[in-house]
Amino acid sequence: MKRSELTEKILDYKRDNDLSWKEIADGIGGYTQLFIMTALLGNMKLPKPQAAKAAKLFGLSKSEEKLLNEVPMRCEGAQTPPTDPTLYRFYEAMLVFGPTMKEFIHEEFGDGIMSAIDFDLEVERQPDPKGDRVRVVMSGKFLPYKYHGAQEGQMAYGLKEE
Amino acid sequence: MKRSELTEKILDYKRDNDLSWKEIADGIGGYTQLFIMTALLGNMKLPKPQAAKAAKLFGLSKSEEKLLNEVPMRCEGAQTPPTDPTLYRFYEAMLVFGPTMKEFIHEEFGDGIMSAIDFDLEVERQPDPKGDRVRVVMSGKFLPYKYHGAQEGQMAYGLKEE
Amino acid sequence: MKRSELTEKILDYKRDNDLSWKEIADGIGGYTQLFIMTALLGNMKLPKPQAAKAAKLFGLSKSEEKLLNEVPMRCEGAQTPPTDPTLYRFYEAMLVFGPTMKEFIHEEFGDGIMSAIDFDLEVERQPDPKGDRVRVVMSGKFLPYKYHGAQEGQMAYGLKEE
Amino acid sequence: MKRSELTEKILDYKRDNDLSWKEIADGIGGYTQLFIMTALLGNMKLPKPQAAKAAKLFGLSKSEEKLLNEVPMRCEGAQTPPTDPTLYRFYEAMLVFGPTMKEFIHEEFGDGIMSAIDFDLEVERQPDPKGDRVRVVMSGKFLPYKYHGAQEGQMAYGLKEE
Amino acid sequence: MKRSELTEKILDYKRDNDLSWKEIADGIGGYTQLFIMTALLGNMKLPKPQAAKAAKLFGLSKSEEKLLNEVPMRCEGAQTPPTDPTLYRFYEAMLVFGPTMKEFIHEEFGDGIMSAIDFDLEVERQPDPKGDRVRVVMSGKFLPYKYHGAQEGQMAYGLKEE
Amino acid sequence: MKRSELTEKILDYKRDNDLSWKEIADGIGGYTQLFIMTALLGNMKLPKPQAAKAAKLFGLSKSEEKLLNEVPMRCEGAQTPPTDPTLYRFYEAMLVFGPTMKEFIHEEFGDGIMSAIDFDLEVERQPDPKGDRVRVVMSGKFLPYKYHGAQEGQMAYGLKEE
Amino acid sequence: MKRSELTEKILDYKRDNDLSWKEIADGIGGYTQLFIMTALLGNMKLPKPQAAKAAKLFGLSKSEEKLLNEVPMRCEGAQTPPTDPTLYRFYEAMLVFGPTMKEFIHEEFGDGIMSAIDFDLEVERQPDPKGDRVRVVMSGKFLPYKYHGAQEGQMAYGLKEE
Amino acid sequence: MKRSELTEKILDYKRDNDLSWKEIADGIGGYTQLFIMTALLGNMKLPKPQAAKAAKLFGLSKSEEKLLNEVPMRCEGAQTPPTDPTLYRFYEAMLVFGPTMKEFIHEEFGDGIMSAIDFDLEVERQPDPKGDRVRVVMSGKFLPYKYHGAQEGQMAYGLKEE
Amino acid sequence: MKRSELTEKILDYKRDNDLSWKEIADGIGGYTQLFIMTALLGNMKLPKPQAAKAAKLFGLSKSEEKLLNEVPMRCEGAQTPPTDPTLYRFYEAMLVFGPTMKEFIHEEFGDGIMSAIDFDLEVERQPDPKGDRVRVVMSGKFLPYKYHGAQEGQMAYGLKEE
Amino acid sequence: MKRSELTEKILDYKRDNDLSWKEIADGIGGYTQLFIMTALLGNMKLPKPQAAKAAKLFGLSKSEEKLLNEVPMRCEGAQTPPTDPTLYRFYEAMLVFGPTMKEFIHEEFGDGIMSAIDFDLEVERQPDPKGDRVRVVMSGKFLPYKYHGAQEGQMAYGLKEE
């Protein structure tokens, strides 16, 4: 069985039983709603206790429960650039502001990246009199590039030089 | 003259004169550092008073000053997916969490997108004992899809149905 | 069930029962024919009352009715550039006149875009003695780019400067 | 000399002399502002009298004047899909509503296309209390597909069958 | 049902019953053999009387007969450039001689295109003592580009200037 | 020197001296106008006597004359699919009718291709009361596939079997 | 039925019955082993007598036998560049040595190509004390480019000039 | 000045002065030869003391020295997949063994990645009687995926579950 | 049956029976765990004795056992660049350090490649107080380019010149 | 200096001085004509003595002579698939016959590849009464895949099993 088939089965169950993602996340518990959604959509592994609860919630077989607990081949089949407008806007923001964030990170931290692995994500409604906003907070650990062979007193990682 | 040539000239000046982005943004003023960086990197128009200050700061000609004040053809020549690892991590976060954010937005707001135009961006260092983090806050106005031809009492925009 | 499978089922029913899009739109009601067509073709969400009518019209299951009411992953699988000549001509018009429209918008409104979300579409036959024409009217809200950090008296959005 | 170099020269002149597209179009005359813009941006041929006026206006050589009067290799070097957000929105509208317009055209006219050659374009500001809108009107002649070998009393073109 | 599945069914029938395209075209009648072939291969609509004859000839259901009479999404799934050598040679001829034909058309007719819609196609064996040849005749209406806003006495279409 | 630079130089000369392709072809002679155009546009070798005449006509150096006489790297830098509408229509005709021509060739001749090398091309104006047409005649030698290892009495080439 | 499905069925039979390609080619006869392999892999037509023998050997239906005798849509679905290392090396050799072979052919023969249609292929083991080698011999007829409109005493084909 | 131009200048100097990479690395010092090579080839930042030594070694201007000390836009213009056979083999090894390494990492460590940032690289000659070998050792820190919202006693990172 | 379907069946069995790759490799034996994993994932041939053991372990049919013993079409359907972050990091390391390794190999060995065929791979956990690391050792035979036609005393292979 | 610029300079010299590849290869000597051509075209390193002779022959600077002696980044900028018909035919032959050669190699030798590095190439004119042929002989060492961890008595390389 493929993970994408399991995702489709879960979405079918969610639709037929009028479940919201909030209800699903509450029913499975233990992690944020966004994390649980990402796992059920096929891009994260669901830990064992949560996979068991999800199996009960969606009426999955033992085999499907175990599949939910596996690390998936992430983003398989994703179209890039995305054609869906809601997805595209995130992509576009990265196109327009990506070089700026790169420069900022290098000036503030030195040579390295924002981790997309040791990474937190929050999305929430931000009330605004001129129209509510979607607020996305990404927080990733700064990972400095390793500079091979640095000796004592030298820069071993790509951090800012004094 | 192409905007990309002007960007290169500005980066040359910045390098030769040991200017930081913070110093440049302070010298130009009026907008956030990230906005000014984006404009100088060629993806935003710099308003007139700022273009004038930038011209003075970087020793630009009148023609170059005006070019900075033009709306650019954004992201011209951007490679996609990006090969630079710092850029790629943003792209990857969108790949992995994009479908989750899409589902979240639709459940919370209804049918629509997070604007990438009426959009704010903050990037900052988030101190953390386990290693400082890069914190990115994106806030875009929720724009509901227009549902053509809605009549009185009907859903005219893709907002949540009661 | 995938939205594309539902679209195929609806097109099969339409064909077998000799329904025109006009008849379908009249039967479902509440929105323009183009909006209803777009939803049935899989690129829009059909609001609940309309989904119920569509379900009755096409003999859909409760599950399929709910799927019609979901926000779809838009344009999944679309080939780009399109190979179909009727689709291609729209694409070509954007290629040839796109840069012109960009310049016009910036001169008339300032820095920003025509929204493709708060967007109306009309298509109609335009009688003409030299051969009738297809008349397409697109009307999208002008969205000015937000200029981060604008202070009092400054340009906060990418509108024309006086 | 390449047409793209000429376009860049014209844009440089326009910038240095604070010319608006409206002023340029008025100065050249004879055609709509959008047509003249498209020609100066390199995607249309400028007829001889207009090329002469343009040459005077921009201080072009005889050779450049003649180049403006040539049919260009249109859209050379255009990125597709476009990365610029203002261009992308037009592209997106075609992605989302293209299949709808195709179905509409076939039901209303029969088998054929909207010409992108015998084609008019208008773009204007549409005042709106909720925010002004960009209004684009495209009007292209309907061209029915030719059905080879039709004999008397048969459908020779892809028009609607009675 | 998808048009491509219908095409496959027709090719299966043709093979199992040892029908030639010539016999099929004769049996369906009313249009050229090439037109009928194109329709059965999924790139043209077959008019009603012909669809009825085809349904009888291939033992199709009423639903399949109607599908043959629909305007298809043309060339869906076509690989480009084509990998099949017979297809590739046509593609190559366009690569090598395309710019020549473009220049010829502009010099002979002015600014415009050869229509691929109001378009005739003939393919025939051309006997030749050095080896018979494939002779392809394409004839498409010249369509001049419309020059928006032309006033009396001006060039309204991209025809040759005197 | 690259062939593309030579092509540009020739086009500059043609423009500055108001030469038509017909005049150029007459001046060079010996081959059809289309052949000479293709060579000057960089996709054919011009035989020595013609290269000499072209050199005289365009004021080329000895080195440039020799470059014209070389077999070029054909179609270098060609965009595919082409963005120019005049070129695209040829491409589209191949997309829509290519599979039909393939089937026709196999039924009429057997397994093989229409040569794009032993290939003639004619393009001409075809007067027509409903609007003149562009008439393109391509004639390529049929080349049967070689069937390796055929023994006496067997099909050695992919010709029709009796 | 698609040719690719037939290929898969044949490979299944070959595997289940421990047939080697040599045994299959001997059983079918009449052509080289490589030719028969290419046909069974879906890239060549198998002549009628051979298709009959193949049908018997693999237990195919009459319909499948006829499909083997059809000219296939060659190389459908081939990935390019190929990901399989054995395939890739042939591709790489063409990348590295292709321009060399082009120059050689033009110097030795004149303007033209090595036919890939009137083409022989041999592959064999070449014993070598330093490790046996794969020896591939390709022999294709030289096809000179036709030079349109050549008159008496002129070069009609792209052969070497004296 | 672009980093790629600086790289080209350095390679020119290296060639003209018969410097080996080993000599260059010894002359600059402080880091491994591979690190210094990567920086000079444009994919790493060279720390200040090393940039100063490099500037002296290669006769660079102050501006060029500073450019070497900047974090570059990595891998700009890299072709992918690479056409150079030496590069391609690394790419191929990742294609063939990538999925295996992914499974291995997940089984051994849990959900996460091998960092390409906190990453060491060694390449050396491995003497072997059957032919010396290239030995590449990559060592990257295992980074476990963060599981958002984990509460006490739960898996906070994608490590192996007991 | 396709190799990818067999891979999926094996992964299903592994999951349902809670087998680790280590257990599987121990059960099959004879080769390294990584080699066996690569074969079961579809990118290597499993030798006969191992295929027999695998068949017993996973309950495969005789036909499936034989398929495991066939050389596969490697990496069929692999996305490139890979979207999965764990795979992407290997790809990225090759992008950033590939040109460095190419230069190193040429300086150390001369002109040639690291074989990806006569190639060993080890992956292991490398304990580290700052966080364990993934250690990948690749060792491929250096293959010098053959220099065609070398005569006695000349460089026949691309080895270093003295 | 880039290798591609050096190639262009050499081709210019060759043209201006009417040198044939044969004359050039004779003048440089030591290797086959094809090898020398490949090096001069930028895809091979020319050994030192030959680089010296080439420098003398073409009037190159010392720096250019050394560049000829460097291992190039092979095939930089190659278009794939190639647009030039002479190159394309080689590519096509690989598409059509590649899978056949893969199967042949595996049956004859076992699991492995034909080396494109330890590789010979000959191209010659093959006289033929029906038209001379281009005969290409490629001979590459068979490289068996290494099967990691083979123990005594086991298959260590992907050779045929008895």
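All chains are identified by letter, namely A, B, C, D, E, F, G, H, I and J, in their written order; residue positions are counted from 1 within each chain.
One rule holds for everything that comes next: contacts are C-beta pairs under 8 Å (C-beta built on N, C-alpha and C of every residue); 3 or more make two chains touch, one makes a residue touch a chain.
These figures come from a predicted structure and were not determined experimentally.
Listing every chain that touches chain C and chain F alike gives D, E. Path length between chain B and chain E in the chain contact graph, taken as the least number of steps between touching chains: 2. For this pair, chain E with chain I, the centres built from the Cα atoms lie 47 Å apart.
If you average the CA atoms of chain C and of chain E, the two centres end up 29 Å from each other. In terms of their C-alpha centroids, the spacing between chain A and chain F amounts to 53 Å. Shared interface positions of chain C, i.e. residues touching 2 or more other chains, are given as 34, 44, 70-71, 73-75, 78, 80-81, 83-86, 92, 95-96, 99, 102, 106, 112-113, 115-117, 119, 121. Applying the touch criterion to all chain pairs gives A-B, A-C, A-D, A-H, A-I, B-C, B-D, B-H, B-I, C-D, C-E, C-F, D-E, D-F, E-F, E-G, E-J, F-G, F-J, G-H, G-I, G-J, H-I, H-J, I-J. Residues of chain B that touch chain I in their complex: 81, 83, 85, 88, 92, 95-96.
Interface residues of chain H, counted against chain J in their complex, comprise 8, 12, 15-16, 18, 79, 83-86. Touching chain I in their complex are the following residues of chain J: 30-32, 34-35, 44-45, 47-49, 71, 73, 99, 102, 106, 110-113, 115, 117-121, 143-151, 154-155, 157-158, 161. The residues of chain C lying in touch with chain D in their complex are 20-22, 33-34, 37-38, 41, 43-44, 74-75, 78, 80-82, 84-87, 89-109, 112-116, 119, 121, 123, 125-126, 128, 130-142. Contact residues of chain D toward chain F in the complex are 1-2, 62-63, 66-67, 70-71, 73-76, 78, 80, 116-117.
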